[in-house]
Every structure is written in C-alpha cells, then in structure tokens.
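In order of appearance the chains are A, B, C and D, and numbering begins at 1 in each one.
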Amino acid sequence: MPGIDFELDKLHEECGVFGIYSHKDDVALNTYWGLYALQHRGQESTGIVTTDGSNMQVKKGMGLVADVYKDGVGDLTGHIAIGHVRYSTTGSSMAYNTQPLRVYFDGGNLALSHNGNLTNAAELRSRLTRDGVVFQTTVDTEVVLSLIARSRKEKVEDRVAEAVNEIKGAFAILIMTDHKLIAVRDPYGFRPLCLGKLDGGWVVASESCAFDLVGAEFIRDVKPGEMLVFEDDYAEPKSMMWSKEMPSKCAHCIFEYVYFARTDSVIDKQCVYQARINMGRELAKETKEIHPDIVISVPDSGTAAAVGYSLESGVPFMEGLTKNRYVGRTFIQPTQKQRLNAVRLKLNPVKSVVAGKSVVMVDDSIVRGTTSGKIVKLLKDAGAKEVHVCISSPPVTDPCYYGIDTSVRKELIASTHTEDEICQYIGADSLHYISLEGLKRSLSSMDPEGMCYACFNAGYPDNAEETIRQGSKYIFENK
Amino acid sequence: MPGIDFELDKLHEECGVFGIYSHKDDVALNTYWGLYALQHRGQESTGIVTTDGSNMQVKKGMGLVADVYKDGVGDLTGHIAIGHVRYSTTGSSMAYNTQPLRVYFDGGNLALSHNGNLTNAAELRSRLTRDGVVFQTTVDTEVVLSLIARSRKEKVEDRVAEAVNEIKGAFAILIMTDHKLIAVRDPYGFRPLCLGKLDGGWVVASESCAFDLVGAEFIRDVKPGEMLVFEDDYAEPKSMMWSKEMPSKCAHCIFEYVYFARTDSVIDKQCVYQARINMGRELAKETKEIHPDIVISVPDSGTAAAVGYSLESGVPFMEGLTKNRYVGRTFIQPTQKQRLNAVRLKLNPVKSVVAGKSVVMVDDSIVRGTTSGKIVKLLKDAGAKEVHVCISSPPVTDPCYYGIDTSVRKELIASTHTEDEICQYIGADSLHYISLEGLKRSLSSMDPEGMCYACFNAGYPDNAEETIRQGSKYIFENK
Amino acid sequence: MPGIDFELDKLHEECGVFGIYSHKDDVALNTYWGLYALQHRGQESTGIVTTDGSNMQVKKGMGLVADVYKDGVGDLTGHIAIGHVRYSTTGSSMAYNTQPLRVYFDGGNLALSHNGNLTNAAELRSRLTRDGVVFQTTVDTEVVLSLIARSRKEKVEDRVAEAVNEIKGAFAILIMTDHKLIAVRDPYGFRPLCLGKLDGGWVVASESCAFDLVGAEFIRDVKPGEMLVFEDDYAEPKSMMWSKEMPSKCAHCIFEYVYFARTDSVIDKQCVYQARINMGRELAKETKEIHPDIVISVPDSGTAAAVGYSLESGVPFMEGLTKNRYVGRTFIQPTQKQRLNAVRLKLNPVKSVVAGKSVVMVDDSIVRGTTSGKIVKLLKDAGAKEVHVCISSPPVTDPCYYGIDTSVRKELIASTHTEDEICQYIGADSLHYISLEGLKRSLSSMDPEGMCYACFNAGYPDNAEETIRQGSKYIFENK
Amino acid sequence: MPGIDFELDKLHEECGVFGIYSHKDDVALNTYWGLYALQHRGQESTGIVTTDGSNMQVKKGMGLVADVYKDGVGDLTGHIAIGHVRYSTTGSSMAYNTQPLRVYFDGGNLALSHNGNLTNAAELRSRLTRDGVVFQTTVDTEVVLSLIARSRKEKVEDRVAEAVNEIKGAFAILIMTDHKLIAVRDPYGFRPLCLGKLDGGWVVASESCAFDLVGAEFIRDVKPGEMLVFEDDYAEPKSMMWSKEMPSKCAHCIFEYVYFARTDSVIDKQCVYQARINMGRELAKETKEIHPDIVISVPDSGTAAAVGYSLESGVPFMEGLTKNRYVGRTFIQPTQKQRLNAVRLKLNPVKSVVAGKSVVMVDDSIVRGTTSGKIVKLLKDAGAKEVHVCISSPPVTDPCYYGIDTSVRKELIASTHTEDEICQYIGADSLHYISLEGLKRSLSSMDPEGMCYACFNAGYPDNAEETIRQGSKYIFENK
C-alpha cells in the first residue's frame, strides 16, 4: 500500500551504533536497549551480532527495534555484541544492506557496524574487484571488511589500523572478532562515538543517551583518530591513535546539535539540549524586530529552540500545534477526489492558541520546504494573524558526504532560492534563519571552529567533493 | 513475548466514535481519518462499517488504525459509515468485543458504536436472556441492539428512542441502518459528541479534532439527551430530545479536560488546551510557597499545565525529561540479573537542565503512583536538588462507572493514602494536587457545576453505585 | 494476489465436527487432532471452543488447522470441547461466519458446531427477527441458538430437542454448555456422525478416521433422529430419539462414499474405501466394450475406483499422472502473454506410461467439466492413443440442499448437456458414468435404498426444493 | 512452536535449479513455475534472480515457492533468470544461506545456483581466506564465486571453466552475469541437469518435469563435464567440455531414481517412473517365497514400486494406508500425558483392506528405521496378519558426499545393524531389501555401471572420503 512519508522533508542521519564487552551482563539485551535509545538515528533496519568466543549469532531485520526483536534476543549469547540502527529509505529489497555485516575471514568471525559515509568507497571497490574480490552489498562499509581481511599484519587491531588508513570520509566503526571489540573514529570526528563503563564491562555508543538506559557510566568521547581495543571486562581498553595523517582541527557534524541527536545526549562535551536552547536564544536576539504574541514550535524537534526563544525574548511559549502521537510512517493515500492536507495527519493547530495572534514558529531546518509551507497554511487557516518562521540552522545549500542523506543539491530549496523566495514559497510573513555566527555562539562547551558546516557553505574539510567526483567513474552498482 | 506496559499507571478512556453521512465523499476513507485523529481515545482495536443502502461491509481488527487498515479501506463502500476505536486491555481473545457491532434485525442491517459505559447492562442482560435472547459478546453495548430490535415502534429512530430510554449510564452512541445514521447522547452528557458539516454531508465524532482532519466544519455539540437522525446530504439532521427524564444539570466528564481529550479539541464549548493552561496557572497560584528554578513536565500529557504554571509564576519552563518517540507499548522483559528502571525506556532526564536545580514537575494525575516515584528518582539521580510534584487534578479516590477504566478502588493510591504518604511514597520533596475549586476555575468557557467529579468525591450524579450493586447479582459472563 | 483455484471444479462438503467430553484428556489437543483428521471436510476456517465448567475459551481463524493453531491450544482448558472445520469459499470477510458459534444465554454459555444445511433457515430467521431477535452471522446455524434460548423447557437437552424439531434439512450438530456435550443427528441421517470411547471419556466426530488419530475406540454411528447427552466420563451418554416425525427410511449422502469422506473412514457401517473399490469394479463391468492397455486415475480422489477397475478387469493400474504435492490453493495468475495449462501445476502426465496406450482414466465426478477436459488434453499431448473417461458417480444434474456446495443448477454441465455432448466437450474417446444401479451395488454393507441420490435425480427425500422456494421470500441478508 | 518433523526419517536432496534465457517470455514467471515443479527437491528456502542486462533483481525467502512469491514476481524483470529451491533444514537463522547467491565482481553482477556438494570446499575456503577473501555464508557454493572473480581470464565462460576445474564433488551449477547464462555439470554427472527449448529462448533445469510446466521442449541432458553458454534466444547455446580430467565413466546418483526425482521426469534418458515400476518387479522376483494377499505402499514414494510388485506378482495392489493430504511439516507437540502415534497424523491404515491379510508393504528406503516401525505397528494394530516389508533400495550404510543429507554414518540403521536386526526392530514378519543387482536391472534405459551406489557400498567414485578428511582440518565455520 503506497502511502505518505511524513519524514521526507527532513535530513536523515544514516545510522547509530552500539557495542558492549562484558562477561557479567546479557550483552544482547543491553545492545537491544542501547539500540532502543538510539532509534532516532535510524528506523529502516537494525541488527545485532554477538559472539561467545567461537561462534557468532546474528539477528537482523527491516523495521524498528521494538518490532525486529519482538520475540526477544535470548538466542543471541556471548560476551561481546555490536548492534546497528539504519535510517529508513524506501525499498525493502535493500534488506541485504542491513548491518552489522558479518563474514568469515582467516582470523575467524568478523562483524562490523558503521555510522558515517566513506568518500572513496567507489574507488576502493573498483580496486578490490580488479583483484578478484566480490561484494554482496552496496554499502560502502563492505570494503572495510575486505581491507581488514587482506591485511597481512598479525594482530587484528593492526589489520584494522591498516584498513582504516585506506578509507576516507566519516566513520564511527565498531568491529568484533570472536575475542575482541574494536571501536574506531575518523580523524575529523565527523560522527559521534563515546565510551562508557559498566560494573564489569565496557560499552561504546553513538550517543550517551544509550548509556543512561543500560546503566553505564559515561567515561569520555572516543577521540578523532583513536582506536579502542576491548579485551577485558575490567582493564581499560587499549587506546591507539591509528591515523597516519591527522588534520589540524576537528570537524564535528553541527547537525547532530541542530536536529539529529537526542536532547539528553552530551556529544563531544556539548549538551545537545543546551545547544538547542542557545540556538533559540540567538534566534531571538537576531529577530528583535518581530514583536510576536507567542512563540510556538514545530513539535518535537523545534521545541527546545522555541523554549530558548521564549526564555530570551520573554514572549510566552505555547503549544500551538498538537502532534498526533500515533502517526506511523505511512498512511493510506487519499484518493483523487478527497482533499486532505497530509501534514494535518501529524500536526493540527490549536485554534484558541493561535487565532488572532502574531506567532513565531520555530523549526530546526528547511530542506525541501514543502512541509513548512503546509504548516504555515494550517496556522493561517486557524486564524493566526501573522506567522514568522524562525529556523535554528542556516540555509542548507550543499550536500553532505559524511553520512547524512541530503539527496542531491537541486532538491535543497535553499540551494536554488533566496530567503525571500523561500519565505514567499512557504507563505510566511517573515522567515529568519539563524546566522552561522549565531549558530557558533550556541555551542557553549566546545570549540565552534572544530565543527563541520559544509552543508551550509560547501566547506568540506577533507576535500570530499573531489574524492567523490573521482570515485564516480568506478560506480557500477545498482542505480 | 510478555513485556512492560508503560501505560498501566494512567486512567484509560474506553472509546472514540466517528460517523459520516455523505453521497459525495468516500465515507470509509473519511472514517479512517476520523479514527486516526481519535486514536488517543483507544488503541486496542478498531472497526469500520459502511452501508451502500442494502449491504453492510465490515472491517475490524486488534491494533492501531494505521495497522488494522494498512491494506486500505477501498472495499468498504457506501454513503454511510460508522467507526470505533477501543482502549487497549490485555487479551487478544477479546477480539469478538471489537466494535462497531453489526447485526441483522427485522429492519435489515443494524450497526452500532458506543463510547461510555452502561450501569444497568447486567440487569438488562439478565432480563433479556430470560426472554430467550442470546448475546455474543461481553460488551454492555450489545443489549442496546436487542432493545432496538425488540421495540415494536415503526420508525427506527422511535425504536432507538425506546431502547435508550431503558439504559442508564454514560453513552455517546452512533447507530446505522442501511438508510439512516443516528447519533444519541446520554442526558448527562458524560461523554463528548459533536456535529460537523461537509460540503455535501455530515459527520459526528467524539472530538472536534476529527473534523479538522477530514475538512469538516464544526457546527455544535450534540446536546445531552438529544438524538440526531441523518437522512440527507444537505438537509439538517432531524433533532429530537428523546429522554423521558432529564436531570437538572449536566455531568460532563472533567477528565476529558485533564487528560483524555486532544489539546486541539473543543468539547462542550471549552477548549481543552486552554483548560489545561489554566490548570497550570491555578497550580502555580496554589503553590506560591515553592520557589523553584525551573518547571518541567512529564511529557506529553503534563506539558500544557507546565506551560501554564510557567506563564503564571514566571518560572522558566524547560524540557527536563526527553521522551523516546519510538517506544511501543511493550518491551522485552529484562531478565532477573539485569537492572533497569523501565520508565527510562520512555523518559530520560536531561542532566544539564535539572542538575543542581529545584524543579517543579507537572503531571496530569497519579493513579497507582508507581510511575511517578520512578520519575522522581530519575530526576534526583540526574542531580535535581529538589523535586516538587504538582498534579493538575485532585486525588483520584473513587471508581468511574461512566467509561473510564479506574479498575477497583483499592488500586487507587489516593483512596488508601494521605497526600503526605503519597509524597513520601514517590520520594518527592513536596506534592501538590490542584484543589477542586482551582480545577473548577480552570474551566473558562463552561459551567463548572455541570461537570462530573465523581472520581474525586464519589458524587455519582445518577446514583450509579447503587445501580451497579443491584446489577452485580446478574453477572454471569466470563470473569 | 488473485490466483487460480484448483478446487473449483469439485463438489465441496461444507463442514466437519468433533466433540469430546473427558476430565482425563487434554480436550483442546484432542479436538485439534480430530479436526486435523477431518481437514478434508473443510479448509476455509476452523474453530475450537472449550469449557471448564464456568468459562468458555474460543480460538478461531481462517485457514487450515495446522496454521490457525500453530501457536498451540494450551490456552484452551477444560473438560469439554467442540471443534469445526469449514469449507473454503472465497472472501475473508466471512470470518464472522466461522464456527463453532458461541453465545451467552439464560443457561450460561452455549456453543454449537454444525455440519449440514437447514432448508427452512430463511423462514425461521424471518419469524425470529419479527420477534425482535438479532443475528450476527449469515450462517443458518445461528437460528438454532435462538431456538434453544427461547425454549421454556428446563433441561438443556429438552430445549435442544424442542429447537431441532423446528428445523428442517441436514444436520449433525454438536452443542456444548458449561456442563454438557450434546450431539444431534437429523432424522434422515444425511450427514455422518459417530460415537467413540476413550479410556476416560467420550468423543463424537463426523468420521471415524478422527477416532483413530486420538486413540478412541469406535462404538457406533449416532442414529438418524437420535440425541446423545454426555455428562460423565465413564457412564454411557444418555440417548433419546428426539424427532416427532421420523421418515420411513434414511437418506445418507451417497457423495460421502463417492468423494467426500476419507478412505479409512467407516460411515454408517460402510467402509468408504471398500465402496470406492466396488464402484471401480462396477465401472469395469459396465464398460467391457473398452479394451484399454492401462487404467489410470485422477489422483488422489479417483485412485481407489481405478484400483477397483483394475482388479475387476485385469487391466494394469498405473500412475499416469504425477501430482505436485506442494500445490497450494492458489498460484500467481499467468500474465496474458504467457501460455499455461493451469491443471499442469497440479498434474503432469508420465509420458512413458501413457504414450501410445489406450487409457482408461477414472475420476470420481464431473461438475463443471472444465478440469476433465484439460486433463484429457494433457494425456493426449503426452501421446495417449485413446482416453476413455470413467466416472464413479452418475451425472450430477441437480443441486444439493443438504450441505454440499453444488452452486446453481445451470453450472452443472450434466444438467444442460447429454453424455455425448460432455464427452465431446472434454475431448475423450468415450465417457462412461457409473449407472445408479451400479453405484447402489457398490454399497456392500448398507441398504442402498436408505441413501440420498438427489443430486443425480432430484429425488429430495424431504421435499427440500419446496421448502427452499418458500423461504427465499424471506432472504434479506448480504447477497 | 516446536513440532514433529515427519520427514526426519527420509534422505533429503539438497537442491533444485532452474534457469532461463529469453527476451520473449516473462523469465521470472517461468522460473517461478519451474521452481514450483521442482519443489520436491527442496522446501526450506527459494530464490530467484533476474537481470535486464545492467541490473539484477533478487527475491529470496524461507519457505515454499507458493509462499515466498505469494505477492508475485512482477518486480523481477529482464531476459535472464536463475532460481533455486533448497532442502529444509531446521533453523531460520540460516536465511543468509538461501540461494541463488549474488555478488558484484569486476565483471559486473554475478549470480549462482548450485545443486550438489563440493568435497574440497573447506580446503578451498581455507586457501582463499589466507589470501584475504571473506565469506558471508556457510554454503560451499560461495567459494565458486571467488574462484570466478579471481580468474584472470577475459571471457566469463573461461573464468568459470578455470573456477570449476578447481572444485571437486557433485555439482549442477547455473551462473548468470548481466549478459550470459551458463550451465555447468560435474564430470561424473552426479546430479541431473537438462536442456530445453522455448519458442524464443532456452531453459535449463534439474528435472524435465519443469519443462512440461513452462511449455518447453526437452532437448537433451547436459553432459557430465559440459558447459553450456546461452547468449541468444534462438542460436544453440555454445557447448564446451571444460574439465581437464574426465573420469572413465559416469556416476549418476541412483537415489534420484529410487526416491528424489518426480515420477514424470526423465533423467539421463531413464524414465523415473519406469525405473520404479521395475524396482517393484525385481523385488517381487526376489521375494517369491512370500505369498501375500495384497501389496500396499507407503504413500506416496513407495507407490510406483508397489504397483510394479503387483504387476509382476499378480498380487492385488490396494491402498492400505490413507495419507492426510493436509499435513504440514510440523504439528503441535503432544504433551507428556497424551499418547499419540505421530505417524498417524500422516498415515492411517484402512482396516477393511488390511485386517486379516498377509500384507507386503513397499517403501523406497529405510534410513533411521523409526518411521518404518511405527507404520508396521499401525498395520498390525489394524489387524494385518502378516506384514512383509519390501524396500526398493539396498541398505543405506554409508554417507553421501554428493548433495544428499545422510547425516552421519552412525545414524543410518543399516550401518550398524544386520537385516535381521532391522526386521526385528521394525516389527515386521520379514524384511527384504532389493539386491544391488536387482536395482541395476531396474534401469532399463541407461548403463547401470555409470551410476553412483556409494551410499550402499562406500564406493565413492572420486575418492571423496579422503578429500573430506583432508578438508576437515580447515573447517572453522559455525558448528
């Protein structure tokens, strides 16, 4: 049954990863909980692999964590586990792309979870296939497995180090053999990865919110360019800086703070919720010329910034849009003759709140612009006198090559339209994007210069666009 | 797979109903949308029945609207439809209780959807079975069908009037024959029911939010003791006051405003969101002795009152608890050896918001008290200096006989414990229930004396407790 | 996905029933097994109801026994159970027609399974609805429930007796209250029903093959017009002849022996397999003018008669058609451009057996004639020199009103075509139906005059055609 | 739900393959039909891969053909397709082993279906992993993909030839690139593979019965050691004898004729049904000392030989055992307290046929002996005076390394017991295995010396046992 995808007009993170090493805990159950807490990072598919030291058990499926493992994870035994959640694209035929990937190599069993995107994957695939390597998926991650398998180093961590020195782009990778758990983060630190401690074991996860759920203590972020090797329940994981070339500064993804990460996570020392409150405050400072009656949010992602706006400006925050909490991803397609504002399935204005009011509506970003326009119309139809749209990120003008699905550049409304045009397109009385400077000021606990803002200004820190262009001549997979 | 039910510690509405009469619109699709908007009133099961004037088509199932009709409703044709959503109890064997009920009688096809609870159902069942009537379900609603069928009046609306004059309790009922749609509301107006207009047709629904989604214009509430008969796409439905005895005043359910209804609905002229904002304001006025740093809510049901509290008190509102938006109803049961605060699957504190702060936490109600205690503990563990719990309803001490699942009285913590004891039980620094007077003041647009507050003070407007006691001797169904 | 229904060209039994009374055995599990053995009598849906003396548990579903109860029947507890399998019509919307039916009446719980067809159901429904009775299904069986409930006799067996004296047609009915199991057979004995004994309990079933599986000892057939009441694990069930009017002779369905029943069953003292062997012998005697090289069957239903033909004639029996044992009920529809003889999905000729041979092909019956023609073509294409079709039943010319789905008369090829025309239509070299006399001679252990042959000669023993015609004016249900 | 597996006591073929090259036909639909006809060769899982010249589409799943493709194959487009059915082992976790395998290599897309078993797979895997190759499955077939990918020949057929020259054992393999379909058979011809012609295209299949269904003309068997390359709808496929070493004689699997193949197939010029009839005749000749009243079969696999026995001996063939046609693969486990002869779920004796008779019961083979004993008991309990068991294969004493699942030698009853002991174990009055000479005489149209009888006499034509022993030291996969 074809349906309406409500999430089309958002940027999408591609993945979340979770790993655990513990002889004391139920590693599969903890991974299940960890993935549950990371579900917002990917809803298409999920997988868990465990090892008991000689065999690996795999459970994977399309769908949410609560559905894929609804019959439990009791059959996944062992003392190490890695898991993965993947962003929801269309097409169930992609089931074979579900991670973690798991293979047999000359060191026994090998499993891998990857969050991010490799910019030289096409080139590497091409080189490897010329050497007689076969690939079973279209995920760039699969090259890493072959690179590890082909390394002639003795210890698996050295093989991994050799492998990841060949790949470019964004990656937070968890690797598992029958005896070790290994965590690797790229030298720029594009994607988050952090380390936690259990009573008798260790966990790694994309976000710290996963630690809260499994009862682990947050220890620290994995450093850009660092590898951690877990071999013992109690001893500190072995740390090595594996990268032959380290960039002069980091390039943490700014959109983790704008939209992707959960508000209760702390990533690279910055509390996500605090950053969003600050973005709202900055927006308020930048829009003093508006004198609204109330500030509302597009729930739920715009709420923190709306609250920040209210705190800064003194304009009352109210819930002007009710969200239907039971909306699934799809919905029966309206027939031709039936009129329906599809956004209304998810959001409905509270007339008594907005009628006759001048409203500031805060949202995190505008991608295609289709949804924003529909929401503005809902508010106007409900009697809002004025609707001023405030966006807590600058205009998204350029594609991301580091693990965010920005589709092609031409689908980004801000890459082809001015702010005035967009304002007119969405029917708002005014439209205000936060300035890049304002956004930087929102980061209270981290260096704003160690971030990646490429989706706003094409400033790809590792020259990714050129790498991608070279690789495109090798692409031979399913289009 | 047994699991954790996160909703156990809430009161539950038993149903929502939706009906449509239109030759111009796709009645099944509109009913689908209407039920979608009413999903918060019941998540156990749902059904739609349509008629094309000679045949009725039925689709029913256990689960959410989005799941039960995932293959579409294209096979449900006709010009009249009624639908139902039902609250989620445990036990799939109850599938035969799913509404709408549909039977054949001497007038042809007959279908019925009911929101509410009949207090003399057991007595009526007993009387009818002694006359040779058989029943196929355990829902009290089924007696209404037999009462209609046994009426010797000629016109179906007169048969319905005769039937509903025999029943007692709370009811908003939709009845459909092959030619007419009939809506009936009990004389006290316990449960909501309202009337809307399409371009070429009519709709009735439990809440006005359903009208917004299908593009209908809200006309008015169905009056307590009123029956509406729809026979024409354009002509006004025929109205009759059917009840032989009308009470001196109404008894609208106060909990619709406290918790059940969607914030964007307007019920019996009162905007739900506005009432909740007011409850928060009243709470603030009643707790001036607290001097908190911030006010937070238990999302999502406590948020409106928390915002009201903030507006009144000037204390900043912030989101101190992050809600996992992907939590399903159940979850793999933790094994014995794994420790897990189950509430954390759904809610996680934002440490940077609450740490070191004196916090007011606003929630709508306390039923058993188990969840509240767990949330207070989460906040304390996250570093909250003080946690003051403010509840936007008075203590729930007495069972409801009008369609809310309050279980037995002894499970209601407030029926056996003082406020101080409850405060101690949940580990809060202080606990404040809104006063009944404060609650009444929150109703800005309706007469606070025309409400039912029986769950707070056992003041059953129709002497229901006595009726129930008499009926209990007739109960012979599955326990 | 629409598909090919391979069974369209067969007559269909409408049901099989099974009941058990035992405190020693697992009644649900035994009913499951019993229904498993009776699966050939109906594949559309199945249900089991058990009682523990105060509550009834129900499990029903569309599909085969192995599928509907695939999660077990452990939740169905008690000491009495009845079950049902129903013939597969198209249309899942008929789920509410699945038996056993179960209701509450003034005697407590009441459940009922019916095999057969009532000829005066429409008239009874009409009369009852005029008295204010409502019906929830379109199965004729439902009137029996109301008749029992409306009886003013005291004991349930007397109420049942009063009820069944009002119904006409074919019926083998099992009725269960919380304390008793009751079995009733119509006065003509149209449909089979037999009694078996467990170590500490009793069973009743449509066919004796169900007893073999549950380890019960066959005792005897339930007599036409008899009622058995089971109230004790050890004491003989109470027997009463309930019918006020007994016909002068029985009218057992001949098609049970021709096609419906399993070959290992013994019904009304006649072994089914023996009867089929005899039919083949009679066919051989009646077709001495053919001098075939081999005799083959249309598997599996024609095999017994083919073996009988071989035994009588001395012509070697061989399997000239291979049956695909994995054929489901449906199959992807061939697209327009693809040519496919759909029968080949199920049957394929063995070329080496039939090539160059004169073949006698034995089948049990010809209904529409479409399949027979396709099989003859397969054999000719495989090189058969001659194909002589021998049918072990006379031409089916008239509809059955006693529980067999013969559709309407005009779809029966023999009602509108001569044997010569049919022979030509199916492309056979000759076509031979067994004579009615030959068929009668095949019954070695029962009185051939105590049978119903109405589908061959319109000799309805109870004047059913007239009853049906009168009732048709009352029909108001879904068409 | 754990259940009873009725097939445990049978040998199992591991696979069936089907391939098609045609621009005129719907290749996916024809492959679907082909697999339908080959379903008896494997019921665990199935897959189809098609190519349209640049992209490959894959559909795979656990279960029967009718279930896995129940939503159709319309999304599988192109002009070449290969398909696979796989034998049913337990364990859904083996889903990743489902064939066809499909990978990307430097020649583009590559897909492969394999029927058979490689005896040097472990050694090859070991060698390849030492070279840095990773494997994703535990099927031996996967090594073939890497061998093809690593070949440095230019044309894909030459790469395939190089690859298959490295593998040992039994194989009928279909390989598909985006432009070619390639069929390869091992030099001994262990497993069957044949060639058919469509109006505008070509098909290859494990058995000729698949051609009948898709309307293809049987052309010839693929020769042992031959490779066919299909590149054109009309031109003959290019044939090459690829094997560097050809054995002096073939070693076709005798069990295809005894049990595996469908009776309507002709394999390597021998009609399967004719061979089975002959086996029955030989059995009759070898057991002239028995003077039974009737001969019966264990349906369905023993029926052809039983008919042959009857033809030779003149003893009447009758169906002494009724088979439940609705038995699924599993069944609810009987509880401890319930007694049940599980075989009875599938087979029930026809008392009137066997009671008081001396019976010859013909079956194809005895593997563990558990089922045979239960059937003999059923017959005795039904009153059979004597039961003489005649088996149309010699005692199975040795494991098969060529694609039949014989489990380990110690589970084969005949490897550890004499015929007398087995006779006693199964409770028969006498037990007669066909002699090897008799079995050879049954092959009317092929050279009996060109067969593999290793499961009866350990005469492995290619010294497989030694190869396996050497490889076992390399085995590192999941146990």
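Here, a contact is a pair of C-beta atoms (placed from the backbone, for glycine too) under 8 Å apart; a residue touches a chain by one contact, two chains touch by 3 or more.
The structure displayed is predicted, hence computed values, not measured ones.
Any chain touching chain A that also touches chain B would appear here, but none does.
Common neighbours of chain C and chain D, by the contact definition above: there are none. Greatest centre-to-centre distance from chain D is found for B, with centres as Cα means.
Spacing of chain B relative to chain D, judged by their CA centroids, is 60 angstrom. Centre-to-centre separation of chain B and chain C, using mean CA positions: 48 Å.
Along chain C, no residue makes contact with two or more other chains. Contact between chains, using the touch rule, shows up for A-B, A-D, B-C, C-D. Contact residues of chain B toward chain A in the complex are 1, 25-26, 29-30, 32-33, 36-37, 39-40, 43, 64-67, 69-73, 209, 212-215, 262-264, 266, 271, 273-274, 277, 300, 303-304, 307, 310-311, 316-319, 322-328, 330-332, 334-335, 337-340, 344-345, 348-353. Within the complex formed with chain C, the residues of chain B that make contact are 55-59, 75, 93, 96, 101-106, 108, 110, 125, 129-130, 132-136, 138, 145-146, 149-151, 476-479.
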